[in-house]
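Here you go, one structure.
Here the chain labels run A, B, C, D and E in written order, and each chain numbers its own residues starting at 1.
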Amino acid sequence: MKFIYPEWHRLHHQDQQKALKRAADKSGLPPGSLVHIGAVHELDSRISVVQYNEEKLVEYNELSYTELGRFHHKESITWINVDGLSDTRIVERIGREFNIHPLVLEDILSTHQRPKLEEYDDYFYLVVKGISMHPSDNLRLQYDQISILLLANHVITFKERGDDVFQSVYHRLKNPRGRLRKSGSDYLAYVLLDTIVDEYFVVEEGLDDVFERLEDDLLMGTGSNVLQTIQQIRRELITMKRNISPLRELLTTIKRSDTTLLTESTLRYFEDIHDHVLRVTDTLESYREIIASLQDVYLSSISNKMNETMKVLTIFASIFIPLTFIAGVYGMNFEYMPELKWRWGYPVLWAVFISIGLGLLALFKKKKWL
Amino acid sequence: MKFIYPEWHRLHHQDQQKALKRAADKSGLPPGSLVHIGAVHELDSRISVVQYNEEKLVEYNELSYTELGRFHHKESITWINVDGLSDTRIVERIGREFNIHPLVLEDILSTHQRPKLEEYDDYFYLVVKGISMHPSDNLRLQYDQISILLLANHVITFKERGDDVFQSVYHRLKNPRGRLRKSGSDYLAYVLLDTIVDEYFVVEEGLDDVFERLEDDLLMGTGSNVLQTIQQIRRELITMKRNISPLRELLTTIKRSDTTLLTESTLRYFEDIHDHVLRVTDTLESYREIIASLQDVYLSSISNKMNETMKVLTIFASIFIPLTFIAGVYGMNFEYMPELKWRWGYPVLWAVFISIGLGLLALFKKKKWL
Amino acid sequence: MKFIYPEWHRLHHQDQQKALKRAADKSGLPPGSLVHIGAVHELDSRISVVQYNEEKLVEYNELSYTELGRFHHKESITWINVDGLSDTRIVERIGREFNIHPLVLEDILSTHQRPKLEEYDDYFYLVVKGISMHPSDNLRLQYDQISILLLANHVITFKERGDDVFQSVYHRLKNPRGRLRKSGSDYLAYVLLDTIVDEYFVVEEGLDDVFERLEDDLLMGTGSNVLQTIQQIRRELITMKRNISPLRELLTTIKRSDTTLLTESTLRYFEDIHDHVLRVTDTLESYREIIASLQDVYLSSISNKMNETMKVLTIFASIFIPLTFIAGVYGMNFEYMPELKWRWGYPVLWAVFISIGLGLLALFKKKKWL
Amino acid sequence: MKFIYPEWHRLHHQDQQKALKRAADKSGLPPGSLVHIGAVHELDSRISVVQYNEEKLVEYNELSYTELGRFHHKESITWINVDGLSDTRIVERIGREFNIHPLVLEDILSTHQRPKLEEYDDYFYLVVKGISMHPSDNLRLQYDQISILLLANHVITFKERGDDVFQSVYHRLKNPRGRLRKSGSDYLAYVLLDTIVDEYFVVEEGLDDVFERLEDDLLMGTGSNVLQTIQQIRRELITMKRNISPLRELLTTIKRSDTTLLTESTLRYFEDIHDHVLRVTDTLESYREIIASLQDVYLSSISNKMNETMKVLTIFASIFIPLTFIAGVYGMNFEYMPELKWRWGYPVLWAVFISIGLGLLALFKKKKWL
Amino acid sequence: MKFIYPEWHRLHHQDQQKALKRAADKSGLPPGSLVHIGAVHELDSRISVVQYNEEKLVEYNELSYTELGRFHHKESITWINVDGLSDTRIVERIGREFNIHPLVLEDILSTHQRPKLEEYDDYFYLVVKGISMHPSDNLRLQYDQISILLLANHVITFKERGDDVFQSVYHRLKNPRGRLRKSGSDYLAYVLLDTIVDEYFVVEEGLDDVFERLEDDLLMGTGSNVLQTIQQIRRELITMKRNISPLRELLTTIKRSDTTLLTESTLRYFEDIHDHVLRVTDTLESYREIIASLQDVYLSSISNKMNETMKVLTIFASIFIPLTFIAGVYGMNFEYMPELKWRWGYPVLWAVFISIGLGLLALFKKKKWL
């Protein structure tokens, strides 16, 4: 099933407006009806399942949504991953099989959620945003809504995009002696979340790169679109903050939760993610201050340039305007102008011209204009 | 009954001052006397009632306020909607029939309330603001105060304007298999509030449109009233924030309320609205930052233009002022000016003129002014 | 008794410094000694008393402070109002009669209090600020400290100024069927506070008026003292905020109080005032943002004007400086200047002048400077 | 014992760096060793003691630290005041006599404490800052660290400077009928703190004075160092805030304390100081906003002046440059220039000059530049 | 074992990006695997141990990690200090010997932690940042991550760098009568933390120095890179704040902790550190305001300079342009120009020139331009 669906997260993107429009259109539908609202990428939904315990691990790929019924297994941990949300039947089926609240299903399909955690009696629902640099434009970020359902023996993840953010988790699962194989579904959920948050550091690295180039451009006076770059980053930081900062609250809620889904020892690990998120948001905050400081530098550089232009004008005008006046005086046609008759009038005048010029130059030198 | 009543919510609107004046006038009246204080729109009050349960649905339109007594029915849910507040007898009658506190009645009629929730023993009183784009001016927003009374078997809504924001709810009610028909009055209240909040997304879409045009204008250097548009939007955002942000607190209060009016399962849905409101306010917050960034771009564009003007002046003046001086020198009437007699004096001077001119042009080229 | 006493609330008012000085002088006195510290208005203290219950109402005017002992009556509500604080004997006597804490008496007489509420065992002490436009200067506000003592059967009010803010309450009291006559002293206190808060809306209306004129002035480019007006309003808003915002906290304290002085049903009414105060402070907050936005408009208007000045200069200079140079060239006195001899030299040069002029004009037109 | 010790509180003061250096030096010493770290004033320590009860009062001056042991008297209140901290033996001895924690003794001697309150089992330790105008420079403030130890029957105060801030308390103590003589040590502590806080109002009065002069300077365009004054005050406000605002928290802690050192009735008085501190900090906050607004006025005044300069230049240049061109034209030496031969050429040209000049003047008049 | 590892804390440092990259690389590794992530300094890890009680003190230096097993001694306090983190086997071994959580070991090795405190059943884990001036560049700060493990009888510290910040603690330990020798491991931890925090004051002293030089540069108009210095300090302050402010929270947590690791009396001392940290952060906050104020001064100084340039230009142009025009007039070649024939025409014209010049100079004097 192909489906054209608009993107939400990039501000000022043409598609966003479609998303908004659609959100508005949907306001007529009953809440709880399953419609996919999200970014445009024509991606077929793909289901893959990994079932593992300490002894063995089985992988299933390219499953059909009708096969989802056969993974109710309690002796092993089952991780169901869905890439692409266009096929709403998958979400519907999972909802039926695992008895998920209709509002959760609806939220999985709407890819403009704030990161949040919802606790239900026998499962947790987590939405977070994967962030990556845009492949072709290093000033743009790409957002990927990732929903995680944590059940007693299952973890079900939904990813808007087909990227390979979870690739490393697959690798680690294959190591039979890893802690991951010995732990429950809560530890898998932790590893997934940890992987997503670690991506944020990579993105911040990319921004750091951009800052450095910006600074060089500012120092060299090159880069005619410095201001636009600054504004672009300012906005990316605004969007990034909006998509990351709710995570702090989310992780505090996890810490305080008295659920049986999370073991005491896994909670320690979630606290570790909390620390990472605090570090990411601290860095974001300082990036905002740095970008403000770069903008200040840019604005003063404009003022400084104007000042320099003014000085050039002033030096030229102030030197030659008086000289022109004097030349004008001796161009007058009065009958009685004794100087005109003097033998050394003309050379003397040149001497006057030159001394006035040098005098003014000395003055400007003293004013530090030269 | 026709009535001229002033508008409150648009800042700097002439009518607002009348509203303020009236509020002041009213300060002499005993608190609790029913007077309509609000925006000017000559709208006759219209009452419509929908009575429904799982089996059947009956609609009544254009009722008189005297007929309001006959809807005390406990087997079905009754939704009374009042469009237009000019006829205070309706509010008075409803107050008497359903035993509503006089302060609530007064608040329903004053259309300059902050969004709020008041819990009474056997009903809830909610005030929220419907927001829509002004039909003729896409930089102006229109506010519509909507009061919702939630009783055990009744929902009573009062709308300042006669718009059709609840149209979609009517349609959904008519679907006999919808969840709405199977649920209580609390679910109806949820659907109404959800509909109002969904409108906010449409408004934000409109603002996004305006941002895009603003950016284009800024880039092209066109749009002489860019600054005024920016200021206008800044103010709309201020007003919008004032009318939306109290909703967060309101929905938190609902969540924490230990009332019997709301069933456990409906509370989940209200939490969903809470999420939506958080998303709306997050977006508003980033819009405020974006508009600030646009203003910064505008201000630097002025500085840049001034700089460019200065450069043109400096180039012209710096090239021609020295040349004019030299021409002035050879326009002097000294008797002994040997150059004047030279055969090639004039052509040589032209060569000097041209080399000075080209030299200065090269200098300005080096300074990146050309 | 006449008394010269300095004003506190107007920043940068000469008298304020006297107030500060006096506060400093008082630092030598024992805390608790009754001295009037406040604004300069030579007002004799005036006592008036209204005693009422559901059946009857008796008014006493121009009483002497010695007569205050005879109003200990439990069958009716007694409202004692004191206008003007110059006669400290009144406050002293009331303190003795009703057993009021010396610090409260001292606070009543110092008219530079922050709005606050103090709960004592058998009475409440409230200080709030009445605000009104200055009669002669619509950019200045006037503050009036109003102290309210709420006892079981008495309400005692002290007003710094002799204005008629409570006039409407008198009128309402005279209506024998009003709710006021049937309720206790707590309801009277509510009505008084409500009256004071309603005045704030009138003041905000006045500011709104000023905003509108400011905006017109900014658009028209008239109004040489726009900046001063903006700064003046900025400060008035600072002062207003300082005098109003503590009310929020004050009313929250009332709500949470477990006193017997306030009945359950009156508390509802105080909550209503809380809503009003929130509205007032929200509006104040947006006024602050609006004034900041007006200032931004003002500053860019200066930049724009400078830009325009620059353009005029650049156009004139850039057109005529090259022409003057050419004219200067043909004013030179070289013997061999063949052009000077040409028959059409002069007209041809005029053609050159005109084409250069028109060319440059076209250039500036293209740059959108004309 | 003479001792050179550096000052802490004045930012950018040479001595401060010494203080910092010393603090760094001290980092090698064990915490708890008694060394005086503070501002440079060569002041001998002076001890004075007042012992009083309702019946009698005895004063001791210029005591030696060895005599401190004889004031353990329970029938009267003993106030020990130490002016100047250079003699660390006094602090040591008091610590031993009254069993004070070593960290408290250390804090008494380091005069760069934040205002704070520490509760110990049988005493309270309070540090606050006395503030006064610098005697010779009305833009500088002077800080005086005052430590107050409140015991059951003793109050011990340590003052960094030898000023007479407590003079008025001495006077009041001498009044045998004053409340002070009838109350316990807690009331004395209150009176001392009240006296210190009252000084803040005097300082704010002084700042108000400076504001007024600044405003006049700004309006008159005089005062070349307006910006420096503004920056100086900005910093003084920063320092003042840092030294006053912790008092709010301190007084809240006192209110909530369940100590037996403070009687219920004295707590009321401390609440009164809390109000004063809130007023002081509110005023400080508005001073910060006022200073920001003054800076805005200053910056726009620069822009305005530049604009005016530009206008003068533009008017002169725009009028005379075209005229000069025309004069230049008729200074050309073409053989065939018929106008030169006309009888009325010269007067007509003057008419042209004058009309062009007047025309341009009219234009600038219309632009409101004149 | 040599190891190249990138630095984290200095923004815009090339190595930081490597750190980020490595953090990203590590996202593929299982959480809990011990890899050193940190700044580049090729430092061999060095272990030193001090074992002491009231009677004796033994020191061990240059230990191998294999010898760490023999310090499980309960009669004395053991302080193990590790300088340099390149040898991960040390951390691993300590983890095994003292039963430390793997996440803690991981955090010790990643030197880009936020300061934090983690409470475990039988130990505390503290991370703080040591800060020092860069030895060669007084505008740059150096960060040193210091991990402190507090056990019942052991304190284990890990330092990223090999500096001598703990030197003074060694000295104090050697004093057999010091409080340190008589107290438990908690007091040692306090002394170590106190030493680190005291270093912050030294750093602030250095910044103060820089401020002073900046101010001088601003006043003298020298210092072409003032803006860059300001921006550099702004960023250092941002980073510093990020590394210090979490300490406040950390120390509050310690205070509230109900652990048996800290004795009541040592808690008092930790409160003292809390005060110091508050003072440091208060100072940082005012430094941020001071740097903002310096930037304002810098920006106005640019505007002022431009204004001055404009004035020079205007004065020259306004005086000589009219004079040049007049000279141009009498350079015209009209046949009938009577003035040219006048005997005193030329001297009179000079008089006119001089009076116009002086008149304009007087005008500019009046405008305060000279």
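Some points to look at:
Everything that follows uses one rule, which is that a residue touches a chain if its C-beta (ideal position, glycine included) is under 8 Å from a C-beta of that chain, and two chains touch if they have at least 3 such contacts.
The structure displayed is predicted, hence computed values, not measured ones.
By the document's definition of touch, common neighbours of chain C and chain E comprise D.
Of all chains in the assembly, those touching chain A and also chain C are B.
Fitting chain B to chain C on CA positions gives a rotation angle of 70°, reported to the nearest 5. Once the centre of each chain is set as its mean CA position, chain A and chain E turn out to be 27 Å apart. Chain centres here are Cα means. That of chain A falls 43 Å from that of chain D.
Of all residues in chain D, those that touch two or more other chains are 303, 306, 310, 313, 317, 321, 324, 328, 331-333, 337. Read around the assembly ring beginning with chain A and moving next to chain B, the chains appear as A, B, C, D, E. For chain B in complex with chain C, the touching residues are 11-12, 16-17, 20-21, 23-24, 26-28, 30-32, 101, 103, 107, 112-114, 116, 118, 221, 227-228, 231, 234-235, 238-239, 242, 295, 298-299, 302-303, 305-306, 309-310, 312-313, 316-317, 320-321, 323-324, 327-328, 330-333, 337, 339-346, 349, 353. Looking at the complex, you find that chain E touches chain D at residues 168, 171-172, 175, 178-180, 190-191, 194-195, 198-199, 201-202, 204-205, 208-209, 211-212, 215, 268-269, 271-272, 275, 278-279, 282-283, 285-286, 289-290, 293, 296-297, 300, 303-304, 306-307, 310-311, 313-314, 317-318, 321-322, 324-325, 328-329, 331-337, 368-369.
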